[in-house]
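Below, chain A partners chain B and then partners chain C, in two separate complexes.
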Partner chain A sequence: MKMLINVPETVVADALRGMAAAHPELTVDVDNRVIVRRDAPVAGKVALVSGGGSGHEPLHGGFVGPGMLSAACPGEVFTSPVPDQMLRAAAAVDSGAGVLFIVKNYTGDVLNFDMAAELAEDEGIQIAKVLVNDDVAVTDSLYTAGRRGTGATLFVEKIAGAAAEEGQPLERVEAVARQINESSRSFGVALSAVTTPAKGSPTFDLPPGELELGIGIHGEPGRERRAMMTSREIADFAVHAVLEDLQPRNPVLVLVNGMGATPLLELYGFNAEVQRVLGERGVAVARTLVGNYVTSLDMAGASVTLCQVDEEVLRLWDAPVRTPGLRWGV
Partner chain B sequence: MKMLINVPETVVADALRGMAAAHPELTVDVDNRVIVRRDAPVAGKVALVSGGGSGHEPLHGGFVGPGMLSAACPGEVFTSPVPDQMLRAAAAVDSGAGVLFIVKNYTGDVLNFDMAAELAEDEGIQIAKVLVNDDVAVTDSLYTAGRRGTGATLFVEKIAGAAAEEGQPLERVEAVARQINESSRSFGVALSAVTTPAKGSPTFDLPPGELELGIGIHGEPGRERRAMMTSREIADFAVHAVLEDLQPRNPVLVLVNGMGATPLLELYGFNAEVQRVLGERGVAVARTLVGNYVTSLDMAGASVTLCQVDEEVLRLWDAPVRTPGLRWGV
Partner chain C sequence: MLDADFFRRWMTATAASVDREAERLTALDSPIGDADHGSNLQRGFTAVTAVLQKENPDTPGAVLVLAGRQLISTVGGASGPLYGTLLRRTGKALGDDAEVGEEQLAEALRAGVDAVMALGGAAPGDKTMIDALVPAVEALGDSFTAARTAAEQGALATTPMQARKGRASYLGERSIGHQDPGATSAALLVAGLAEAAGE
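Right after this comes the complex of A and B.
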């Protein structure tokens, strides 16, 4: 598999240098692998820190900025960052109002953020944590005990980020983040396998003419393989899987998320089918976002995330955000 | 090749239905294939209309909105829209201040926009046209006499769009658009071929271990094939090709554009190398944009576009824009 890289060993460092050049509004510490909004710490404001393996861009580094994350820690590709990165990030952004760690539910991330929380508290930084585990496809998988964290991470980071930006205290920001995770569910499909720079060949074998339903964002196995399905059939399957678990009574935010290599033209067409299913099931749609936000390198496919919202959450969703990957209202 | 579609015949219509659902701020006429900003026509404002084959999203439909295009006409995949679409778009957005057609230099687009201009003028709409032909890789190619129009289209649409938004008259907006095209050059590389829905298999054969230098955005041939190169080597080749032709004396805008299937992680790493070459050549960088903006469906690869700017152009670049694909300052 051909890649636009130098050598696998420098992929993350090279990308951080490229981010630094493109985004003077961020402080990118290439050596220590921490991306921080330039004006941090913001006096009186709760800070949000997230992170995880690289390869899911723009998540998380592309979501650093006013109205969303205060800092992000990128690990190696598909590998958790280390506690020292998280501690450094927390120290850089804490204004004294405390720090919320947003942690996708993968074993490495959970352990390392736990350790970083202890270290940070030893240094007098108040830490709260929220675990994102929205993927209904499987319980327990290759890297996870329980459900995986996927597309809902964007909703948690945006909405809790808005609450923090308007000055809500740590316990409220944490409660909002927890509420968003509990109100969100995701389901993804893969049309092709993912290739990591280190391995250089696809991480699993997906034969021509088949797709994998319920895939994660690291190429870990899903629920089942089937003969290739149409956009219409995939939307039926994915949205039903989400609705069965979520059973929303309120309007929903919709994220139709590309895994990386699926053209935007196809994602918009898939969105039309997702909206059709939601309409048939009587689910009202408050807002829709279509694009590549929580990706898996060069994997083809898509995921659907729904988050049921009340008026207060919708207000926070609509609040201004200014990051490389998500931007509106400012 | 697996795709997230229903049938090839409905790919464009399906995508337009999905755009309509995701973007209530746009008026999407699915039957007639015209995407219009909802508040058009804007009294006293020059309107900008572009369009071209589908498969390059977010170009052009994703660039409709305040500060950029007034309307866009998507054709079938890699196929020019028809004059009737362009006429309909012009009629929908003309406030009496005239309409600028922004035309990428492909034979079909040029002929059809010419015909639409005649039809529109017959209906009393004042039309100006600007041709975008920034690709230095080849003169004449599969679909083009002269140079192809690629990444500079984004610069023309954004900067002329800002001039129109602040009320500049048609002759000024046209002059700005022409200046931006003349100040811009691009060069692209492909690491994989592109597969159209209608064909279902790659449009050309690119062996493992080779890349194509100077590729267009439809899989048309480039300058040459070589054994796979590193990000550093590709940046040297592409930036030198652009600089040789442009010889900028002013600072430049940089667009590091993904062709569709290359991960954002790799695009940022490639940007680091592009910035290195520019630094070595003493070219000052005013702004940098990294992402998938002028794509070629599922092709892997990237292009570099440089546009030399003066203070006035930079002011227009920084002016507010609110479209699905490009958004800042509002």
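Right after this comes the complex of A and C.
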């Protein structure tokens, strides 16, 4: 497997050095692995901190900036960051108005953010947490780790970020984040397996003629494996899976997200099919975003996330954002 | 009686076996996890060896608390908090004594394992590190060798289980037939204990 890297051990640090060079509007602490918006802490503003394993770029570091995250902590590839990083990030961005941790529902992320929250509170930083768990491919029961956090993370970070930017207080920003998570559902498919730098070969075996329905963002398999389907068939399956769970009465935000190795030509084509199914099901679309936002290294495939919105949420979605990975209105 | 030096040897022996077995742990993690268990633990235990040399803690409890804190700070994922909590809580339960008895260690380790179960929410049979640790603690009353054997058998026994915690749980029935990487590394930790005792 050929990769544009030096050695697996320095992949994350190398990427952060490159990110620092490309984005002088961010403060990138390569040694401690924390990405902070340069003007932080912003007086009177609630800070948003997220993080997770690397390999999902632009999530999360690419969403740091005015209107979205205050700071992000990238872990090793597909491995959650450690509490020290989160504590450092919280301390760097807290203006006294408190910090919201946005945590994807994976055991490692949850445990490390929990530990970081304890440490931060010991230092007098007020912490609130929201758990993102939007993936309908996973059974949510007492006997599983629960639903994974995937594409909805972008909606939560953007919309809660806009609420924070307006100066809303911590409990309000937390409530908005929770509401967005509860209003969002996702479903993903993989057309190829993912190769991590540490392993150097595909982490699971997906034959050329098959696809995996219900994939997670680390290539964890989901519901079932089938013979390759057309874009039209995949859209039918994915959107129905989401709508079975969400059943929106209001218009939705649509995220058609690439997993990293699927070109925009295919993603736009897939979006056309997604919009068709939504139309057939009578679901009104308020806004659509198509691109690679919550990726899985070199995995081919896509996910669909829908978020049911009201006027207020739509206003927050449309609010200006200025980050490396998402930028409009400025 | 077991002194700080014994606990340092325990950590060093575990670091060496994690180093040796890193590729196997990662290979076990590949079909049911995300193929990084070996490299993550390797990074953590390398840091543990380094910090123990640098700070030279002088009681058994202090050795384990420091090692646990170092794992939390360097491993990430679920393994960092879980292994870190195991060692920290075991160390705390040992208190400030300069030397501890084997029975005292068994009790402290039981407290550590309980803390891991509380943190991760896993119980025996969920296909996690708990499936190696619980039988090991039970057998520790007999001997270090018995604990090592019990942990190894516990790890092997995870193969036919269906995962209910951690990333492997997303696979549902498809997690059956794979040995759990966390139980496997937990068996290495217990084997390190036997090695430190010269068994």
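We take it that the second predicted complex is superposed on the first by the 325 of 330 C-alpha atoms of A that agree within 3 Å, B and C clash if a C-alpha of one lies under 4 Å from a C-alpha of the other, contacts with A are read in each partner's own complex, and residues count from 1 in each chain.
Basically, contacts are C-beta pairs under 8 Å (C-beta built on N, C-alpha and C of every residue); 3 or more make two chains touch, one makes a residue touch a chain.
Given the structure is predicted, the values throughout are model-derived calculations rather than measurements.
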Return first, second, both or neither, reflecting whether A:M228 touches chain B, chain C, both chains, or no partner chain.
first
Please work out whether A:D298 is in contact with chain B alone, chain C alone, both, or neither, and reply first, second, both or neither.
first
Considering only the touch criterion stated at the top, classify A:P169 as touching first (chain B), second (chain C), both, or neither.
neither
In the overlaid three-chain picture, which partner chain does A:Y106 touch, first (chain B) or second (chain C), both, or neither?
second
After superposition on chain A, the chain A residues reached by both chain B and chain C are 77
Which of the residues in chain A end up touching chain C in this complex?
8, 53, 75-84, 106-108, 111-112, 114-115, 138-139, 143-145, 148, 196, 198-199, 203-204, 216, 218-222
Footprint of chain A on chain B - complex, ascending:
2-7, 10-12, 14-19, 21-22, 54-55, 57-58, 62, 77, 191-192, 208-209, 211, 228, 230-232, 234, 256, 260-273, 275, 285, 288-290, 292, 295, 297-298, 300-302, 322, 327-330
Considering only the defined contacts, which chain C positions touch chain A in the complex?
26, 30-31, 33-36, 39-40, 43, 72-82, 119-120, 164-167, 169-172, 174
